[in-house]
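What follows are several structures.
Both complexes shown next keep subunit A, but they swap its partner, so subunit B is in the first and subunit C is in the second.
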Partner chain A sequence: MAVPAIETEPRPRRPLKWPAGFGGRSEKTIAQLLVTPGQLLMLLIVAFPAGVAVYLAFTGYQPTSGYEWFDAYKDWTWFSNYWEALRSWGAFWTGGGFWMAMFRTAVVTVLGVSVELALGFALALLFVKSFRGRSLLTVVFLLPMMVVPAVTGFIFYMLFQTQGPVNGALTVLFHDWLHLTGHIQVPWLSDPNIALFSVILADIWQWTPLMFLILLSGLVALPEDQMNAARILGARPWHQFRYLILPMLWPIILIAVIIRSIEIFKIFDSAWLLTSGGPGDATTTISVYLYRETIANATRWGYGSAVAILVLVIVSLIAIPAIRPIEAAQEETIEELVGGEGAEVVVDVERAVEAEARV
Partner chain B sequence: MDKQDLEPEQSSPEEAAAGEKVLSRSTLLKTAGATGAGLLIGGMAGKAKAWTPASYNRALAKNRLAKGMVGGPTGFPGAQRYQYGPNTAAGRAIAGLRRLTNNGKKPLTLSWRIWNGAVGQLNVPFPKGAPAVSALLEKEAGVKIKFIQDTPDNNEQKNLQTLSTRDGSVHILQTQITDNGDYAEGKMLRNLDEFVAKYKPDWADPKWGYAGGATTVALMNKYNGSVYSVSFDGDYQVWVYRIDLFDNSQNQKDFKAKYGYDLTDFPKTWKEHDDVAEFFTRPDKQLYGSGDLKNPYWGYVNWMMRYVTAAAPNQHYFDTNAKPLINSAAGIRATQEHVRSLAWTYPDALSKSWPEQYAAMGAGQLAMASMFSNCTKFIPGNPSLDKGFGKYLRTALAPGRMVGGKLVRRSVIYFNAQFAVNAFSNSKLHEAAYLVLQWAGSGHIFTWMAGNPAGYFDPHGNAQFNDPLVRASYKPFGCDELKIIVPNTAPPIAGMRGANDYTASLDTNLQKALTKQITPAQAMANTAAAWEKTTNRYGRAKQARAIQAGLAAWPTGYKYG
Partner chain C sequence: MTPDRATVLKPAGRVLAILLIGAFFLFPLYWLVTMSFKPQDEWSPVGGKIFWTPGRWTLDNFTQALGISTPNTQFFSAAPVNAKSPIIHSLVTATGGTLVALVIGVLAAYGIARFRAGGKMLPFQILQLRMFPPIVVIIPLLIMFAWLGRHTGGTFGVDTYWALILVYGAVTFPFVVWLMRSFFQEVPREIAEAAIVDGCTQWGAFFKAILPQVRGGLAATALFVFILNWSDFLIALVLTDHKVVTAPVFLNSLQSAGAGQEYGPQAALGLVLIVPPAVFGLLIQRYLVRGLTFGAIKR
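This part shows the complex of A and B:
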């Protein structure tokens, strides 16, 4: 039997509402609530490992202590790890300890980055103009950067043997052709006075291409009209470089130097693979020092954490003033682009964008 | 698992002891048929040989266990040498495992972390016709091994991860003798005393055990008097020399003229060694007197060999109160000699390591060198290493010193692959993991394993040194010399917490002395100071107790030629 259809008035749809808990809350509060889980996750990812390191740094914890890391308080030592590292001045002149490792790392950083910058800049200037085979050569020059650092270590380990190719080439040049010397047998890896420079050379070979790449990108992006104007007005190449290219490229150079300094400060692969930090401590950079103290020689994770924190503080103290010129250069660039009223213009633009967003 | 595989265990003890096999009618008929067919084919081909007792034994061994044996490999001539009866270490271990697996009805899987260069000795069948060691274990006891391969360098870090995270996923861990103290104190290694008492391994057995007996067991497997690991290696430092150089009449004449005594055999004292090394150093001919390593991490063992012979029977590194003994005339002299010996070593000795040393010895560039015992296994006849000099290589115990009218000669062992039961793994499987180690490390099975060229675990017992497969691999002269070297081997810095830390301080200061950054006296003073700091950090009383227990690992002096 068919059931007669009952006609009813269509029920009015209820308007969409925020869930009860959100009622009455402002848009800002809701936004804050929505981003909180993500922020908490980030906090956990960043803060937790840092917190563990800070905690362990106050203890004499070693994984061989027989208890887990969160029980490290059983061997609470307050600041003794920091103090041990900081007072290692005594070992400075015998080549050991924290400060000597920091000093060596600073030498590697300054020398390595300087040479990489000079070579990278020179190459970039050579490659900025088009010539036959430029694309191919650019790829060839970038190849070292793509080599796995461990492989670079082994390549240079073979190259730097006393009877290896580097000394062979030097012998051909200075002994066979120029008749200036006898057979050259530089102990690249065995002499404590030379070994660090061998490590730096390996790093320069690998990372000059990065400097080249960054600076080439900067050079290519320079405003062509200004360069042409300078040329038309009779500026010599040196003047173009000194008064035009260098100032305009300055922020790029700073960025390249900072990126490479941060990277080279952590140098490990070549130092470890070429010499294992030796002979003695001769190539023990701060990363090698930490590796020795925490994994290779001892398992002093408490001390290692303290040293890592000290390094972070020291590097931050150096890096913050180093980054300031970039900000200044950015402001200068804005001013140059929009004239003396650059700041006001930016503010005006921001206001205009906000107004448009409101509409 | 096939029921037939467990047949020896299922037969009664009397039958097993008597070696009698239950022979069914169908098996009898099958065997008779196969034998008849074989004889017919062989006779037709005219190649049937006389049926001798030796060939009967070979045929028997190819197919089944010899009389009285309860387990072991089959399928190749001579397999019965590695088969074992119920009253052997391997027999007890396999019986224990069968009990734990309910005769294979409840198979077990154990994970075993192992160096990738050594795993071949456990999972590659050798010789032709034989099963792999791991396959035999599965067949005999229903225990399957899952190998987790790693490089020696990375293994150290993996162990630290296991230690810090209390990771129990791996049942058997790969360690070294220098690690025993740290890992045992870190509670990562299971104390094995209970199982040792229960299952009685053969490590100290005169026939099947380690050469050097209880002393070697203490050196390799014990920390603080307890067993924590089982040795699967023999990283003894042997001195290799070229007899073509030593036997050359012109060399003998020239040497006598220069040094006033005969160049007859490998030098017996360090003084003679240094003379010989100096004599053979001829860089213009690409020949260097002594290629003992001087590089970081490895080179210090050559200092140790000089140092430990300064007193009879031994010059120790620490006194029984954990005070360093190296900052002494003995330590300084050893360092001076070590530094001087750099003049007779090939260029770049401070960075070159084993690969270069093995290649140089095979290429005839070294007159002498201290190497691992596998040098006679890997160099002669190896086309990539042997450039025609492999056949001239001979081995000897390290030189020594006259102390109180007695000649003290000592080798030093270091590194050495050990396996231990991971204390963080499921405790119900600890016994099984130990039994696997007792079985595979037993005289019977390890001897079979040591002959397998698929890995670099070296022999350490007389059973191996007398075994035809091992002798074929390591050469008869190499094996005979090891019988003398092993009992005269002193430990490195081991058997205490922080052994790697102490060794690293020594190593770094030796490197500095070698590169003239500091004097030998300063090197010893700096090392002693660093050792004191380390000892204070770990606790002097605890370290002293470990050192006192470790005295059992030092040799008291054995006869040598």
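This part shows the complex of A and C:
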């Protein structure tokens, strides 16, 4: 008896070009394939160097030691590199050492970011209302950001010479016109007490525009209804600012401050061309310190690695909580950022008007 | 205050404030530009008299800096005689680094935006990368490339294009991820899904349907990353010696060479250096803030 042929369904044909996972059936595979090159790159440029640094930090390795880096265990010194950096409190008042460099970096960060915030905010408030030439002027304020930081250092090096144009302009103002002083000869770069402020000033020049642009885009995105309501109800400009603009803009201000702090903490290029960390150690911020200890003035790679790891740890402790707002903001538009708490803001309109009534 | 006085005074005060702050921000650039056109005897003040404007305009600084004419002083006694080869090195490394970052970053950004690849941790890790001073990883990188160089006959070692291109790619890769991720998120999911229904593979959908949608964003990202790489100083300073000297490193070597303060040609080089980022920056004005804030502020 003939067995009837069993009807089988035609087998689904696989795409020939790619293996199944590759061809687009499994989203998981594709997702992994997409991010793998990036992960490899991070591994090569971040994870591997970090591992090397951890190893070398326990040794007294120098490029002149006469053996390859992986043989650095020959000069194993346990924690003495860390200890040397951490006990540098002693050198604090003489200006050298790890802690002083960290302290200077903190000064640069706090001073620089506060001035940038104040100046950028003032500018942004001046630019909210449209006027003739606004977009052209915005472009002018954009330019400093685009200057290569090394060139910024060179420009301010020229400007801050004792016989240079900054002192020249101050002399014109205070000596020639106002007759208040003699010739002004501030040693901007050669006085250890002033040089750090010159470095900060150069950074303020370069990065206030970013602060300005961030805050301006926040101000422009503020919900108009509430601003108008407050104005019509008679709130004064200061009260509008205090009870409406400031609370609504808060998320943006926070992001701007965090981002600028992260960036200014790394300051190197402009500082190096301006003063090379000097006079003495006066402008040796942490990046400059590391560069000097490992390449410029000495080649203490073991010690440099230990300091690098200390910096990594300290920055992580401060910055990991700080980047949450940035991460959250990446998912939102700027309107959502400034108007996210609508209900609260309405209350604030009332508060602004109440404050007004009390005056 | 009467209303008419307020309407006159307030805008006037605003204009005055803007002009004052504007002068503060423009003067350094003014000084760089005019310095690059000043002849040698006007670089520094003579007898206490500062040359606020060039008394005699000249192009000598540019021709000397770019090697069109031979320098008349001992200027440029540093290894490269003029800035021509440093500028070429800068162009090659910045472009190469941009390409590496783009290829790797665009893929990762699409994976994160479309498939949430790597979960919540990956974007966070990539963001973290930006927090650390680059000097922190640079010594191990120097060790790595020095070692690689010795074992590849110098091909991939320190002081080569490859080293700089790879590190530039890695350093700017996070920027590509944030920027492109925000652009990809603006493309409706349905576009990729429709392409797949029409018979495309996932890859086909990506290249034929999604990428054309983000053309503008891709161009802006490329220019932005190029600006970052072009501006680098520290990485090139550490990872190069004399063969692949980039323009900012060259500028620094002039600064510290002790050949006197040759402001004119240095300013000319500085001006040449800031032109590409300035032009590109203005082209991508809309996306600058988005890039510099890691995609947190979208205007």
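The definition used in the following text is that the second predicted complex is superposed on the first by the 273 of 359 C-alpha atoms of A that agree within 3 Å, B and C clash if a C-alpha of one lies under 4 Å from a C-alpha of the other, contacts with A are read in each partner's own complex, and residues count from 1 in each chain.
Methods note: a residue touches a chain if its C-beta (ideal position, glycine included) is under 8 Å from a C-beta of that chain, and two chains touch if they have at least 3 such contacts.
Note that this is a predicted model, so its numbers are computed, not measured.
Enquirer: Determine, under the contact definition given at the top, whether A:290 touches first (subunit B), second (subunit C), both, or neither.
Expert: In the superposition, A:290 touches subunit C alone.
Enquirer: Does subunit B (first) or subunit C (second) touch A:269, or do both, or does neither?
Expert: In the superposition, A:269 touches subunit C alone.
Enquirer: Just checking: does A:306 make contact with subunit B only, subunit C only, both, or neither of them? Give me first, second, both or neither.
Expert: Touch status of A:306: no partner.
Enquirer: Determine, under the contact definition given at the top, whether A:37 touches first (subunit B), second (subunit C), both, or neither.
Expert: second
Enquirer: Which partner does A:156 reach: the first (subunit B), the second (subunit C), both, or neither?
Expert: second
Enquirer: Between subunit B (first) and subunit C (second), which, if any, makes contact with A:66: first, second, both or neither?
Expert: A:66: touches subunit B, not subunit C.
Enquirer: Quick check on the superposed pair: does A:219 touch subunit B, subunit C, both, or neither? Answer first, second, both or neither.
Expert: neither
Enquirer: Which of the two partners, first being subunit B and second being subunit C, lies in contact with A:46: first, second, both, or neither?
Expert: second
Enquirer: Once the two complexes are aligned on chain A, which partner has more residues of subunit A within touching range, subunit B or subunit C?
Expert: Looking at subunit B versus subunit C, the one contacting more residues of subunit A is C.
Enquirer: Residue overlap on subunit A between the subunit B contact set and the subunit C contact set?
Expert: In subunit A, positions 68-69, 157, 161, 163, 276, 295, 301 sit in both the subunit B and subunit C interfaces.
Enquirer: Residue numbers of subunit A touching subunit B in their complex, please.
Expert: Residue list for subunit A touching subunit B: 60, 62-66, 68-69, 94-96, 157, 161-163, 185, 187, 189-192, 274-282, 292, 295-299, 301.
Enquirer: Name, in rising order, each residue of subunit A that touches subunit C in their complex.
Expert: Residues 15, 17-18, 23-24, 27-28, 30-35, 37-39, 41-42, 44-46, 48-53, 56, 68-69, 119, 122-123, 126-127, 131, 137, 139-152, 154-159, 161, 163-165, 168, 183, 205, 208-210, 213-214, 217-218, 252, 255-256, 259, 262, 265-266, 268-269, 272-273, 276, 286-287, 290-291, 294-295, 301, 304-305, 308, 311-312, 315-316, 319-320, 323, 325-327, 329-330, 333-334, 337 of subunit A touch subunit C in their complex.
Enquirer: Which residues of subunit C touch subunit A once you look at their complex with the stated criterion?
Expert: Touch list, subunit C to subunit A: 11, 14-15, 17-18, 21-22, 24-29, 31-32, 35, 44-45, 48, 50, 52, 103-105, 107-108, 110-112, 114-118, 122-137, 139-141, 143-144, 147, 166-167, 169-171, 173, 177-178, 181-182, 196, 200-205, 227, 230-231, 233-234, 238, 248, 251-252, 255-256, 263, 266-267, 270, 273-274, 277-278, 281-282, 285, 288-289, 292-299.
Enquirer: Within their complex, state which residues of subunit B touch subunit A.
Expert: 156-157, 160, 163-164, 166, 182-183, 185-187, 295-297, 347-351, 497-498, 500-501, 503-505, 508-509, 511-512, 514-515, 517-518, 526, 534, 537
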